[in-house]
Structure formats: C-alpha cells, structure tokens
Amino acid sequence: MMMSLGPYASFIVTSYAAAALVVAILIGWIMLDYRSQTARLRELDRSGVTRRSGRSATDTPRTIS
Amino acid sequence: MTALFALVRRDIRIALRVGGGALIGVLFFLTVVVLMPFAVGPDLALLSRLGPAILWLGALLASLLTLDRMFMADHEDGSLDLITMSRTPLELACAAKALAHWLAAGLPLIVATPVLGLLLNLDMVATGAVALTLLAGTPALTFTGMIGAALAVTLHRGGLLMAVLVLPLSIPVLIFGVAASQAVIVGPMTFGAPFSILCALSLVSLVIGPFAAAASLRQGLD
Amino acid sequence: MSGLGHGKIQLSGRGVACVRGGREVFSGLDFEAASGEAVAVVGRNGSGKTSLLRLIAGLLVPAGGTIALEGGDAELTLPEQCHYLGHRDALKPALSVAENLSFWADFLGGARGDATESLATVGLEHATHLPAGFLSAGQRRRLSLARLLTVRRPVWLLDEPTNALDVAGQEMFGGLMREHLSRGGMIVAATHAPLGIESRELRIGRAA
Amino acid sequence: MTLIDLANPTRFLALTARVLPWLAAATVILLAIGLYQSALAPDDYQQGATVKIMFIHVPNAWLSMFVWGVMSIASLGTLVWRHPLADVAAKAAAPIGAAFTFLALLTGSLWGRPMWGTYWEWDARLTSVLILFLMYLGLMALWRAVDDPSRAARAAAVLTLVGAINLPIIKFSVDWWNTLHQPASVMRMGGPALDKSFLIPLLVMAIAFTLLFVTLHLAAMRNEILRRRVRSLQMMQASRVAFSSETGTGSRQGNASNEAGAA
C-alpha cells in the first residue's frame, strides 16, 4: 500500500528513519558492550582470577571493600 | 618525532578515557549557548544577529575551562619533571600538548557548531562561516591559553586566576573571529580581510605560545 | 652490548649552592661520583637532599657552583642522561600499566630495553593491561622502576627509592641497583633508610 | 520475585536472561502494530500528513520524562534503601534516556519545520526538552568523570533527585519566559482534543516504546553488572600480582640478573 504523505514527505520519512537509526545504534551499542564485557570476563577467567565463592557479584561499595 | 607523537597520543587518550575532560568541554559549550536565549529572549531575528558572537563566546569559555588542567595534572603526578628533563625540547613538548588538547577539546566544539547554529537560527552559510572561523581561530585560543596554563603551574593557582590572565590575551582572536563571521551574514566588509588576520593570529600564537609556555614552566621549576 | 654504551663516567659538583624560597639550603658543596659507584645522600630533614637531586637533574638552577658529567655522551646534557625517580610516580591512572611504560619509553627515547621483560623483573607482568589507577603505592613504585630498566640511562637519581616498597621489593630493587652499577652506571640516592647496597655516604647540611 | 530477590545480581542476571527474549519479542510485535496503525491513520485537516511525526515524537517525549522518573526512583533506591542494583539501574538508564530525548528533539524540530517554517523555535515545550537533554548529558558526564562507580553513584543520585525537583520549576519558568516573548501566532502542537483515530495508534506506539525502553534498560543493566564484575576482578588481579611477586621475587630477581649478566 502506498501512502500519500503530502508535500512534507521528506520530513516524515526523515524523522522515522532517524528514530530507527538512533534505536539501532542503541541496540548495537548495548550488544557490542555485552560482547566485550563477556569477552573480558572470559579472559580474566582464563588468567586464573576467580571470585571467591559466596561473594556478591557487583562491586557495590559494601561488598568490594 | 616519535617522542612528540607519543605525547600527543597519550594526552588524547587520557582526555577521551574515563575521567577525561574533552567531551565535558563540548557539553559546556552547548549549555552556554542554550543559556543565551533565556537572557536575550527568543526573538529569532535577534538571535541570528547575535549568533556568531554567542558561539564565539561559548567556544572561548569552553576551551579556556578545559585548558586549566593542561599542565597542572602533569605537574601534580611528576610527569612534568620527566618531560622537562627529556631530550625533546620543552617548547616542542608544549606544542605537542597544545596540539593534543586542540584535537581532543577544540575540534569537537567545531563539530558541534552546526547543531548550535540551528538553535540560533543561523542559515547554512552563516553556520559554515562561524565553523570556519572557529576552525581557524580555536588553535589561537588553545596556544595562547597554554601560556596561562603554564603560569598556573608556576603560581600554583588555577581556575579563575588563569581565566583573568588569559581572557584579555584572546580579545584579538574574538574580534576578528566574530568580524569574519558577521561579514558573511550582514557585513559590508569582505570575509577575506578579517579571516586572514585571524589566520595570522593563529600562526603567530603557534610560534609564541610554546616558547612562552616553556619559558614560564622553566621559571617555575621547583 | 653494555646497555649504557659509555666508558667511565664521572659526576662532579664544585661549590654547589642552593637557595630555595630565599633561604640558603646549602652552599659550597663538593661531591664526586664515578661509574659503578652508589652515593647515598644523607642528612636531616630539610637539609636539601631532594634539592641536590633536582639540581643534578636540572630541575633546579644552582645559586652557585657547577655540576658536570665527564665521559658521558658528548651530545647530551646532564639531565638527558639522568633518570629521576622522585616522590611522585609520573603515572597516569587512566592508562594501563603497559601504556604508561611504553609512553615513557617512546617519549624519553634513547637505548631501550625490553618493556615486557622489565615488567616481569619488577613483578608486574600479570598486570600489564590493568589501569595504573588500580595499583597500590608499592606497585606504582615498581612500575616506575620498570621505567628505569626500559630506558637505559647511566645516572640514576633516586629520591627515597625504597619508600612504599615491601621487603621483597627492596630486595628486588637492590639487585637492580647492583646490576646497574656493574654495567658502569651510577646512582645518587637521597635516603633515610639503608640503601641495601654498598654505597658511599655524602652527608649534607650541618651534622645534627 | 520480590525486590529483595533482585538484590542478588547473579539472580538478576539469570532473570534477565530468561525475560529478555520475551520482552524483545513483545516490543517488536507492538511496534509493528503501532507502525501499521499509524500508517493507516488519517491526515489531520490542519497539519496534513505531518501529523504522522506525532506518533514517533510523542512517545519519545513521554519516555524522556519517564526515564528521568525511573532514574529518580533508582536514585532513591541508592540513597535511602541502599538497594545494590539501584545505581546500576540509574547509570544504565541515563544514555538510553538521553537517546530518547534526542529523538524527541529531533522529531520535534522536523515537525516544526513544515509547521513553523523553521527547524528550531524557542517554543516552551521544545526548550524544556532541550534543557532536559542537557541534564541527561551532564549526568552521563558525571558518571564518566568518576572512575569508581560507587562514589559516582551517590553524586549522580543527588543530582538526579535535584533535577527531578527542579524540572517542574524549569518547565514553569520556561513557560513564563516563553509567553513573555512569544507572539501568539505560533501554532501549538498536538492540540487539546485528539481524535480516536490518532489516539489509539499513539497509545500503542507509546506502549511499544516504553517496552523498548524496558528491554534496552534490562540489557544495559546486565552490561553494567558485568562491567563491574570485570572491574572488581581486575582489582583482585592487581592485588594478587603484588602477593605473587612477594613470594616469588627471590627467584625472579636471580633470573633477572642472570639474563642481564648474559646480555
């Protein structure tokens, strides 16, 4: 189905495209970040650093000190 | 050459990493420019007339603020001692540091200019003119500001004192930067004359800045 | 390769005077140091130990007298042949251990040792990719020592070098200094604690 | 699943792994429905087809405020309840909120161009959103400026809450400033009464974008938890290096001098 977008079609298309682009960048950034963090964790695992068992995973101020 | 390249690369890396100040400068620029209409009112015609001046003032303040730590950080952790002792002349090291600072903190300001031009109702040509004058003029701001940053190390005082010292030095740059941009938008003048003076100012500061900064750093050895 | 590339070198100061903040710290100081020799600068607090090192390093201008190095590289000035290890470590917390070291190696130039090997020697080989900000004071000091190994220079000026080092670190450092001396290097160290190697004492200031 | 259960990051990670695919799927379906409906929506008699920008502009504008609300609650969690995941949530939300705010601004100015003849008008709404955007960026800069997340968390939480209190004041001042200057000729966006043919697609889009935010936020929180794990492991690695070198220095030093002697 072809819509008629009137004289300002380019503005409408641009705003939808920009929204798609920004959301795509967000998703891409989050996925790349996830991949790099898991890779670093794996590397640290390989070099023999492991967390003491029973220790909370995040380094909230109380658990890290 | 490797030494200078290493110094530039290190400074850019530090500026872009966590805790670095490069992007905060752009944010400051953005904030200052956005603040202006609240003071002068949202009259678009007025804003577009003031636009180049607002952008130039914003860029001036933003590059000044980030300059503050240029030598201070190296002084505090002892790096400056080693830089002074090295085989690289201190003048060249200063120039390399200024170049790194401009790449990390000055260029982003120019990249941000078109967006801000939109907010101030500048048309494409005017925005381009302001961006071009900033491109030609911000090196002068960095290289004269560097003298103040070096003095701040000597005097063990940063911040406001440095601003008071450096701002008067940057008046010529401001005059010709704004004049060249205005020439494109309204002016009876041609763009060429003030723009070439602006470029000349930048070139002169490229020479004077490193020497003055190195001299004041040497004086301040302690 | 000797690593230093020089024959015998001789550091000498004649009638050196130091004035800081309008106060005369010391004056008429004569000293000598030769290849393979360690000089321990001792004296009470405020007697000018650090100032003497900074004078030799060219970081302070003497109020009188001369300091000269004979037999070194004729093309280089005295400070350019010195390593200065001060109270501050000249490290950037945002950069990794390896980045910090390789920056100084690139920037200081001259004859280079192997950076990885130097890091292993000072016991930081597992930490190369960690930000220097994660290191403890002792580890930062070790990283500074790696700089002395990576960039070869004949004269080491050390200001309280064993500060922040644990017993094992001091032992390791003693080995490094002996190694440096045996290659014809020279050490001038300001210290309160024993240096850990055989050294000649240079007492400055009035005896307390 | 209570809030206390969520306090354990490992359990949170497990939950995230289970929930994320479903959330993502729901987001995609709702977005598809919303986009289809907004494509079918009729033209506005006054604005013509440009009213279609509304379907993307309004959800983003809504999220720009909603995300700040989420961050404010998370900040309360940091300061008052000391919930271990609160500052993770606050930090992860900031860039996403900034992105949605940016989109609200961008689509707003693209909408404004045909309506006003200029991309940017210092209209009260747009201006308020611009200030909100700057505050998001400031908050992100604050998170970036401090290396230690637990130290940054307190500062960011205080700033977020101050911002939440300040936002209405800023909105009010901007409105006042704007009416002081603005000629009344500028057309207001949206309009008071929205026809049902616009309202339903708009609601679907708003829900879809909110779901999108929830999905992205959970994923970003997971990243943040992993990042902190990496950080604490690196810290441990650093301290362990010191330990091993203490025990092993004797032999290593011997090696070093041997190598150097041979060189």
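Think of it as A, B, C and D in the order they're written, each chain with its own count starting at 1.
Operating definition for what follows: a residue touches a chain if its C-beta (ideal position, glycine included) is under 8 Å from a C-beta of that chain, and two chains touch if they have at least 3 such contacts.
Everything numeric in this text was worked out from a predicted model, so none of it was measured.
Each step here moves to a touching chain, and the least such steps from chain A to chain B number 2. Of all chains present, the one whose mean CA position sits nearest the global mean of protein CA atoms is B. Comparing the centres of all chains, each the average of its CA atoms, the largest separation from chain A belongs to C. Centre-to-centre, using mean CA coordinates, chain A is 11 Å away from chain D. Spacing of chain B relative to chain C, judged by their CA centroids, is 37 angstrom.
Chain centres here are Cα averages; for chain A and chain C they lie 47 Å apart. Averaged C-alpha coordinates give centres for chain C and chain D that are 50 Å from one another. Chain contacts: chain D has residues 147, 234-235, 237, 240 touching two or more partner chains.
Of all residues in chain A, those that touch two or more other chains are 47. The set of chain B residues that touch two or more partner chains comprises 18-19.
A complete list of chain pairs in contact reads A-D, B-C, B-D, C-D. In the complex of the two chains, the chain A residues touching chain D come out as 1, 3-9, 11-12, 14-16, 18-19, 22-23, 25-27, 29-31, 33-34, 37-38, 40-41, 44, 47, 49, 51, 56-64.
If you check the complex, the residues on chain D that touch chain C are 147, 234-235, 237-242, 244-250, 252-253, 256-257, 259-261, 263. Those residues of chain C lying in contact with chain D across their complex are 1, 3, 93-94, 117, 120-124, 126-127, 130-131, 133-136, 138-139, 142, 166, 168-169, 171-172, 175-176, 178-179, 182-183.
By the touch rule above, chain C contacts chain B in their complex via residues 54, 57-61, 76, 79-80, 82, 84, 86-95, 99, 102-104, 106-110.
Per the touch definition, chain B reaches chain D in the complex via residues 18-19, 21, 23-24, 27, 30-31, 34, 37-38, 41-44, 47, 118-119, 121.
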